[in-house]
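Take a look at this one; I'll ask things after.
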Amino acid sequence: MKNTFGSNLALTLFGESHGEMIGAVLDGIAPGIVIDDAYIRAQLSLRRPAGKISTARREADEYRIVSGVFEGKTTGTPLTILIPNTSQHSKDYSATRALARPGHADYTAYAKYHGFEDWRGGGHFSGRVTAALVAAGAIVLSALKQKGILIGTHIASCAGITDREFDDLSKEIPALNEKAFAVLDDSRGAEMREAIEAAAADGDSVGGVLQTAILGVPAGVGEPWFDTVEGVLSHALFSIPAIKGVQFGDAFAMVNGRGSEYNDSYYISDEEIKTVTNHNGGINGGITNGMPIIFSCAVKPTPSIFKAQKTVDFFGRNDAVLELKGRHDPAIIHRARVVVDSVAALAIADLLVTRFGTDYFMN
Amino acid sequence: MKNTFGSNLALTLFGESHGEMIGAVLDGIAPGIVIDDAYIRAQLSLRRPAGKISTARREADEYRIVSGVFEGKTTGTPLTILIPNTSQHSKDYSATRALARPGHADYTAYAKYHGFEDWRGGGHFSGRVTAALVAAGAIVLSALKQKGILIGTHIASCAGITDREFDDLSKEIPALNEKAFAVLDDSRGAEMREAIEAAAADGDSVGGVLQTAILGVPAGVGEPWFDTVEGVLSHALFSIPAIKGVQFGDAFAMVNGRGSEYNDSYYISDEEIKTVTNHNGGINGGITNGMPIIFSCAVKPTPSIFKAQKTVDFFGRNDAVLELKGRHDPAIIHRARVVVDSVAALAIADLLVTRFGTDYFMN
Amino acid sequence: MKNTFGSNLALTLFGESHGEMIGAVLDGIAPGIVIDDAYIRAQLSLRRPAGKISTARREADEYRIVSGVFEGKTTGTPLTILIPNTSQHSKDYSATRALARPGHADYTAYAKYHGFEDWRGGGHFSGRVTAALVAAGAIVLSALKQKGILIGTHIASCAGITDREFDDLSKEIPALNEKAFAVLDDSRGAEMREAIEAAAADGDSVGGVLQTAILGVPAGVGEPWFDTVEGVLSHALFSIPAIKGVQFGDAFAMVNGRGSEYNDSYYISDEEIKTVTNHNGGINGGITNGMPIIFSCAVKPTPSIFKAQKTVDFFGRNDAVLELKGRHDPAIIHRARVVVDSVAALAIADLLVTRFGTDYFMN
Amino acid sequence: MKNTFGSNLALTLFGESHGEMIGAVLDGIAPGIVIDDAYIRAQLSLRRPAGKISTARREADEYRIVSGVFEGKTTGTPLTILIPNTSQHSKDYSATRALARPGHADYTAYAKYHGFEDWRGGGHFSGRVTAALVAAGAIVLSALKQKGILIGTHIASCAGITDREFDDLSKEIPALNEKAFAVLDDSRGAEMREAIEAAAADGDSVGGVLQTAILGVPAGVGEPWFDTVEGVLSHALFSIPAIKGVQFGDAFAMVNGRGSEYNDSYYISDEEIKTVTNHNGGINGGITNGMPIIFSCAVKPTPSIFKAQKTVDFFGRNDAVLELKGRHDPAIIHRARVVVDSVAALAIADLLVTRFGTDYFMN
């Protein structure tokens, strides 16, 4: 249903990059969940651009929750978050109006909305909208945490530099969640930042891979056809601008191996069934097996670059040249990571509410 | 909604591997589409196991369409396809009942259905169910073809052997659609088959990558949040057993490059806006741009292998040993390819009906 | 989603009156529910025409459950029921082909399906399709009963003759469920039958009101906007052919009274909050209050009558005369009652599964 | 999906009576629709209380559209309307906190939300929320009007006084849409107002019946099972507080008649198929037949009355006495009428977009 995601816990997103505000309606969240404003603000600040490796646009992200919260706790009715836009420089975009920026949604928006779309700064397609996702996601992440479910993401690679692998999730996830540049090995992180700065100096941009772990989801969640955990998660994740690929466990590595290498053997420990390895990323037949859910997202290089690019306009002009001005990110992977956590939280929480009912998050 | 996929053109799947029959209900298909039985049979035969590289189970797949067709054409009301199971060897599974086969859904099904699931041959989780998907998909593929939309898939890699790349889609897609082993370069295909046979000889299995192209979808289809083309396609694709990763365009290659390399420049040709390259796989901002939609699926090695594996049973026994008997596929990638085409057809057709209304496929 | 109803417990209907079979897929039903074939058959026989007050078409309704049941119990995967058609007299309809039967869906089906619809006997619009609803509903009614939830319907009025009112639901519901002609006062029932026979003798038909009670649904089920209990129930009920009105509690009586007469006062009995009266039919603000859910359906007189009627055909002929042949019901209210129970069961069960999770019906 | 309604054109509602604001997100509306602020304001003023027959709470309803509109026209992306609450007298409710007001949703909200609900003034259940519905509905009504589709409602009866019947819809609908107290016969309207004032003088309240006509919907819209026009409309209508019954055409009158009286005969006029009578309210088999869609809603007497009422509190106190203070409506039927038009507009527009695609309203 278009701008709404979720079957029983649903999020509706609205707003444009250069409009008055962006926002989200979170519907189906259990009553009684404490709103932790400090945590919401912290999550928003992880998404917010900062330093040389991000756009110069600085938004305060001063959200307001205008419904669904009473005396500091969720009521169970739709929770609406509004985040005003305050730092629009819409003039930056006037010059390039009607030019299809390569890699962006300008042309596809034009094809879909026939020129009525708000084209300023990407409009409704802008990554700016993810601020609302992150604010709503923070509330869901709080609710999940109360049930012992943790989500964390690291920059597995950026500009060709790879982070080390996950090793001890119960410690690494909380640590990652505190970091502004989420890597397991900070020295690799420093190299990545240098590579981003180098690309920025060239007027260019870079991409990377985000790897996410979800700890604590019980076995037996998800459906065989079609609401597999993979299907529901990927459906939501592909909404995040720049994400073009999603794999679970070791998918694109497994394709070159054999079944005997990649079947995850079972064993019992403390009366719980576990697997020795986790190549399948915690999911078999579309359903959780109780092991950590592991997935990776391919984040393409940000399409906004300062190099001159050949393009067209919507009125038939060929061979136009686009020279972007304005404020752009040479990389968004370090900012996208908290968006991935938020989206994953929404999708997993929806599956849990579907499985266990609307009061699941109540205590 | 669990075993139903699609917003306006919806498919509901049912049946178990060793039950009486499997089937599908296709709802929302336009009236007046000619049922091409020869084509449905041909598609089913592409999915059906054959030769040494597939399971020895041979099903006739004699489908019946029991509703929604009148005088050889769709009526517009729900179209139901039934495919009887005729070659169940359920005894093959009695010995391994209660043993969790590694890489399979036995344990997750147990966790979800509390032991009431039909465990024989994977039950409702079985790849057998995809026969119904393929039969329904054939009808949708016919409808798409009438609108000039073609879908084709090749085995981009198998057991580490890679096919050549797509070059001229309008010729390659029809050619692939005729092949039992869908590769662009048949000599590579021969190598792949040898690798599969070698794995089979070892009692082992292999995986690979399927790459799919969809030609002829107009620009402007899909939604920014959350029903992106990528999101809707991946949601459906991850239902196919063994698919663990999906990428659009060059996703996992782009992560190591720069924006200037991977932004697809626009140009105008014959009054149509096109892109010089297609790294984004025909989709920007979640919406089609009129270029071919390109995606790839990671198919893990089939989990059914004949080597002994350590596992557990559901009643607390650790260190059990599983020695599979029965009939299993050393690779399913060559069979899965027509399932991918069918699922892609359903998802794309649903997006088109959502965009253009219920009569879109009428003429 | 067209021919599928339900959010978490969903039913998909298919089939045509004169096609090979009709059927239903019930998805989301908990595992472990015992299939009670005698009860399903009994429910089907209550729907089946019998005696002089029903059509002469006699169908055996020999259903088969072809998926989702294993060893006599539901598995939790889609449960498919097929009911072959055996007594089609399609020739009865050839003469009236292209004539729009007044009060029927012939013309609207033509407008929607452009002439490709199966027009024989009403096709997919036929009341025949409700046999599949009743079979699926019987399974859901069994599941509800295990949770202490009872549903029963009486013919509150027929041809202007009224039954007495509900008095002691816990006794009356089981009694009604056994009756072929479901009235609380059998002498009124006898009058109704006479009135039906009189209409039949005139080649005419009659309608009436069905009133339904649902006992045992806990307080707190339903949503304020938009999935109110009234909204969900009525959405499903209006699918039943001939139902044109639905009221909850004393709706159309309350409109002439005052708040002080119709506010249901609360009191506490055995630590449970109850209401002294139940004018609101067990629902306030769209949500159950723990009192019996009471609603009434207006069933219009059956449109198939033997009197000559003026009409048109689809090719522009005005002033055509329709003289029906074939087998038709002078009343369907006595048969529709078990369909209402079945549809109500599906809608209420869906709301319960949404509220309490997928295992709600497990024990 | 809870607080969202619509398959392809969807509305999400949020907000509480005494919260900061209420609002709505309208998603799926075509791009290019002109926002007519004067019309939106006019519609809001029709809903707003006025004079002695309404509550003394006066809200300015100064809505803001904060997304989805650019340069005065819809963009096609989610359109968000916010309406601040400015005249809350929350203290009026403190005294009655924990008392279950008879006929209201207090107790059912408590049962559902476990005491975390915002109980002030009915919270999310309040009729106040319908202001957002009306603002969103005004945009949809504008879009429908451009396609020649008109919707109008009259107070068919109030406090036992009946209006005259519809006679010439194409004139009566525009006239009704201008009236603050929407009756066809103003002298009957004057009697109704007197009856409302009389009830108010007694500290009591009255109800009535609203009858609605929709003109201009083409034949062939809706589904046989389950998304019948009746089902979709009633699903939405029952969300409106105080509506407890919905009938199409002459439903509750037809139950006492015969088929020969109520079958609507077809004839052809100006090459269009029409019916002589319209007892079925423009719908056969769940699908529009091109005749006006006619339905009636039973509006119960407002539950807020000033007479003392016996009730309970949520902590076990029996025999409490509720004496309401504050500002309440002795009747809401005259205000509800514009809410009915708005809800009907949303439901019908959704069916049209489903049928004809997302650009249906574009020109």
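So that you can tell them apart, the chains are marked A, B, C and D in the order they are listed, and the count of residues begins at 1 in each.
Keep this in mind: contacts are C-beta pairs under 8 Å (C-beta built on N, C-alpha and C of every residue); 3 or more make two chains touch, one makes a residue touch a chain.
Worth saying up front: this structure is predicted, and the values here are computed from it rather than measured.
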item: Intersection of the contact lists for subunit A and subunit C; value: B, D
item: From subunit D, the most remote chain by mean C-alpha position; value: B
item: Pair joined by more contacting C-beta pairs (B-D or B-C); value: B-C
item: Between subunit B and subunit C, centroid-to-centroid distance (C-alpha), Å; value: 38
item: Inter-centroid spacing, subunit D versus subunit C (mean Cα positions, whole Å); value: 27
item: Intercentroid distance (Cα basis), subunit D paired with subunit B, Å; value: 45
item: Overlap residues in subunit A, where contacts from two or more other chains coincide; value: 1-4, 7-8, 13, 77, 112, 124, 224
item: Residues of subunit C that touch subunit D when the two form their complex; value: 1-5, 7, 13, 100, 102-105, 107-109, 111-112, 122, 124-125, 129, 157, 159-160, 199, 202, 204-209, 218-228, 230-232, 234-239, 241, 243-252, 254-268, 271, 273, 275, 279-281, 283-290, 298-305, 307, 309-312, 314, 316-319
item: In the complex, subunit B residues that touch subunit C; value: 1-4, 6-8, 10, 12-16, 19-23, 25, 27-28, 31-32, 64, 66-68, 70, 73-80, 82, 112-114, 116-118, 123-124, 359, 362
item: Interfacial residue positions of subunit C with respect to subunit A in the complex; value: 7-8, 77, 224, 354-358, 360
